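By written order: A, B, C and D. Residues from 1 in each chain.
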Amino acid sequence: MKDKPEIYNQDVVHHYQNPHNKGKLSDPDFSVTEENPKCGDRVTLQIKLDGAEISEVKFHGHGCVLSIGAASILTQMIQGLNVREALELTFDDLVENMGNPAKMRKDCASLSLNALKKALSGW
Amino acid sequence: MLNVKDVKKDFPVLKNRDVVYLDNAATTLTPDSVIQSLKNYYQNLGTSVHRGIYQLANETTEKYERARKKVADFVGSDSPREIVFTKNCTEGINIIAYSLHHWPEMEGKILVTEMDHHSNILPWRFMANGSEKFQLEYVDVTKEGRLDLEDYKSKLSPDTVAVGVPGISNVVGTVNPIKEMTDLAHERDALVVMDGAQWLPHRKFDISEYKVDFLTFSAHKMLGPTGLGVLYGKEDLLCRMPPPFGGGEMVLKVDRRKVKWNDPPQKFEPGTPPIAQIIAFGASVDYLNELGISEVNEHVDRLAQRAVNKLSEIPYVDIYGPKEGESRGGLVSFNVEGVHPHDLATALDSLDNIAIRAGLHCAQPLHEVMELNSSARASFYVYNAPEDVDRFIDAIKEAKKILGGADER
Amino acid sequence: MLNVKDVKKDFPVLKNRDVVYLDNAATTLTPDSVIQSLKNYYQNLGTSVHRGIYQLANETTEKYERARKKVADFVGSDSPREIVFTKNCTEGINIIAYSLHHWPEMEGKILVTEMDHHSNILPWRFMANGSEKFQLEYVDVTKEGRLDLEDYKSKLSPDTVAVGVPGISNVVGTVNPIKEMTDLAHERDALVVMDGAQWLPHRKFDISEYKVDFLTFSAHKMLGPTGLGVLYGKEDLLCRMPPPFGGGEMVLKVDRRKVKWNDPPQKFEPGTPPIAQIIAFGASVDYLNELGISEVNEHVDRLAQRAVNKLSEIPYVDIYGPKEGESRGGLVSFNVEGVHPHDLATALDSLDNIAIRAGLHCAQPLHEVMELNSSARASFYVYNAPEDVDRFIDAIKEAKKILGGADER
Amino acid sequence: MKDKPEIYNQDVVHHYQNPHNKGKLSDPDFSVTEENPKCGDRVTLQIKLDGAEISEVKFHGHGCVLSIGAASILTQMIQGLNVREALELTFDDLVENMGNPAKMRKDCASLSLNALKKALSGW
């Protein structure tokens, strides 16, 4: 086996094991669920706006390190952004925070980002 | 007994890359002799097949037909006309489904099993959806991944047109009782379509023993080149079946209104065939014959059993399909509690270059029956050694240590 | 201008065999770089395509998708999703015919031409025969092998669903007025399916210029490996069309009753694709781009014109299709009075190792129109030199001397 | 070009240029036409029996050197044979008389032989 096994970067695993903003909003403006058909993973993203600003965001669902880790990281990233800024986020921005495995497993890592885009496209 | 060390030497990928390749149920690696055969075609022949037009084409045709004969021999058929080359196993099943669909006398029920690969489900579904003549029904599979034979018998009615069944499940590795199922089907004049994708690579198959009417498999899952599959069909059926796809070479005579089909197999092979791949697949068959298919079988069985035994000893691992000691194909599907199969695959890859598969393995209905979201799968072949299994087991334990701390979410 | 001497060096068959290869319209020879690409896949990758499962598969997937992008660029499409890989040109047309057949709204007339290859006739005939929704009609071709545009216009009725037409005829070499025909079809909301098998190898094609809805061609006729073809379809159509064939990878979600298709192109590519061939075809496209497609066009045109000119000077030779100086594809079909085309092919082969084709070239309806039993065909490509044409001409004269003494029988 | 061009053996070309038994029988016991769909070549073989013996045989049609040459050679071979002997003739027997090109172009060279088999199978 290789010497210093690091599968994902520490940060991602930490987010997976201690997800931020996990839970449900009682009265969200948007609630979108995305699923990865290859494994049944599913993430629901809920957003509350204050004017054009994302005032509250939560997610729930089940999935792998990358889908859950990404959701946790993403909710942190978008908190307080306005809608336009949030829509400008790209998958590469996520990869920057998550490393190469996310790039290799785009289907997993982009689940919550896709939910975000769908949610806000309805704005 | 296979000498794995020697076998490994024949596979360039294993020399060039540091990999423990355990995704053989998806596609296998390619030995030197097959690569050499491909090279030989492109460097010394390069033409299409039409006997008699010029010397090069004649040489190509001879090599090409010799390969067809080898494949016929390999499945125990005494007529190369029973061997139709396809682009993959999936195309073979689509050909049968569309042919039966177009066959005027055909009408009634199609039975497939809940453990079939999408390739042996969807073509039949398309056929049944597109027509009032056909209805599709599923034979039940138990939670342990075994076919429910009583259910099969009860659903096998006199109006059953065809039965689709995998020789070996690509998820749970169950070896199905093909002989018994075929006899039962034939008693009711139903045709049997065996999906042999996971059987042919490492288990002796003789058509005179199993008597199925159609058999499909993938060349690329048995040391052959990509882009090639085989459809075996009983000659008599192939002669009578209407061909579903049109094109060059599959007709003898075309005028504005009438068409006279060519004989099988050409009748089912419109357009320019995958010539290089067919010739090279002859070399794959030679290679397997030299190893000896029963030696291959024994070797792959032993690896699968070793994996099952060692996985069974790990308390946080769930194994699907036949239990320890029971007959199974050369693969094992499982889950590690608290570690998502996709994470496990990534982990095994980055920890020790171990290549396994994760997901639904194109068998969503079976995952539904077993109430699983997805699973991980390791599958073995001639170039895998017992130590590969051990490295795989060690890496699972390591992955669990690193990733398995999280609770279920 | 192409430097044929240099080009020839890239083709091992031309080094290893003493052959003047003039059967390029059937299949072309393969350059070193493409053989190298195939070898590289089998020696260094060898896996299936599923991004993200393990490193090797990821590398394979990347190379594979890069090839798709190259093909998209080659035909001027800005979306690789418009490129579906098939096993040959024929399969592409069968896919379209069956898709339209299954498409609920579709109903009406299918127009094909009398000069189409069986591959662009029979799939439509099967479709029309199997249904009350479709009728097939043929656009007339003149005895000179030209499409009768007036007939086309008159048959192009408001209920026309689709028009099938060869970009270039594989028998007479006629270059059809695709742009004009497409505009006329689109005015009546008919879809245009261009069989590009004889166009794409040596003539610039840009989808934004010709605007056809579907385009099919053969990789193996343009320096690619055997067992590969391409179906281009407008993205919007591919998204809406029902997929005709079922299997793995073409679905996102399957339960017992419902199916959710994958996006194009996967939706039309069930089962394991011809991975090595697709990657290697990327190298073929690179090779053609390096030569420059307009240089290739010029070169092949010049060879075809040279052949036509020289054949025209021989009193006992009949040439079919466009006359001297007129635009034609890279081929010429002809007959030598008193020498049967099959005898001519054998003669050219044994006299001077010249490989030509003889027969009906899978275009029986066209031979009927031209009142021919069969014909001989020479077709040219990048590695053919003007001297090859001259040897071909000399051998025809010699063959006539030896065999042409017999009177008609 | 090669030095001594010989495309077919002299014999075959001779048969093609001066076919034996060409023509029609007025009252044949069997008359069978075979066609090579690849080029439209067509040979009709006509046979008259005297008991079980082939007493008269003629052919007509159009085709290449091999199909016409083979027909001419075949009619010579079977004249006077009895039905059983004629049915025992194989394609290899023809190739022996016609050389390698016949083997390469079986479709052409076996046209008349196929007609013979079909005719006599009805006996």
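FYI, a contact is a pair of C-beta atoms (placed from the backbone, for glycine too) under 8 Å apart; a residue touches a chain by one contact, two chains touch by 3 or more.
The structure presented is a predicted model; accordingly, all values stated were derived computationally and were not measured.
Trainee: Of all the other chains, whose mean CA position lies farthest from chain A?
Mentor: D
Trainee: Between chain A and chain D, tell me the centre distance in angstrom, where each centre is the average of that chain's C-alpha atoms.
Mentor: From the centre of chain A to the centre of chain D is 79 Å.
Trainee: Determine the centre-to-centre distance between chain B and chain C, using the mean Cα coordinates as centres, and give it in whole Å.
Mentor: So the centroids are 31 Å from each other.
Trainee: Between chain A and chain C, what is the separation of their C-alpha centroids in Å?
Mentor: 46
Trainee: For chain A versus chain B, what separation do you get between their C-alpha means, in angstrom?
Mentor: Those two chain centres are 38 Å apart.
Trainee: Hunt down the residues of chain B that sit against at least two other chains at once, touch-wise.
Mentor: Residues 52, 55, 253, 342, 346, 358-359 of chain B touch two or more partner chains.
Trainee: If a residue has to touch 2 or more other chains to count, which residues of chain A qualify?
Mentor: 104-105, 108
Trainee: Identify every two-chain combination in which the chains touch.
Mentor: The set of touching chain pairs is A-B, A-C, B-C, B-D, C-D.
Trainee: Along chain A, where are the residues that touch chain B in the complex?
Mentor: My answer: residues 1-2, 5-8, 13, 16-17, 19, 22, 38-41, 61-66, 68, 101, 104-105, 108.
Trainee: Which bits of chain B are touching chain A when the two form their complex?
Mentor: 340-343, 346-347, 350-352, 358-360, 373-374, 391, 394-395, 398-399, 402-403, 405-406, 408-409
Trainee: If we count contacts the way the header does, which residues on chain C are in touch with chain A in the complex?
Mentor: Those in contact with chain A are residues 51-52, 55, 58, 252-253, 260.
Trainee: Write out the stretch or stretches of chain C touching chain B in their complex.
Mentor: Per the touch definition, chain C meets chain B at residues 12-13, 16-17, 19, 21, 23, 26-30, 34-35, 38-39, 41-48, 50, 52-57, 87-91, 93-94, 97, 102, 117-119, 121-126, 130, 138, 218, 220, 225-229, 244-251, 253-256, 259, 270-277, 342, 345-346, 348-349, 353-359, 362, 364-365, 368.
Trainee: Which part of chain A faces chain C closely enough to touch in the complex?
Mentor: 37, 104-108
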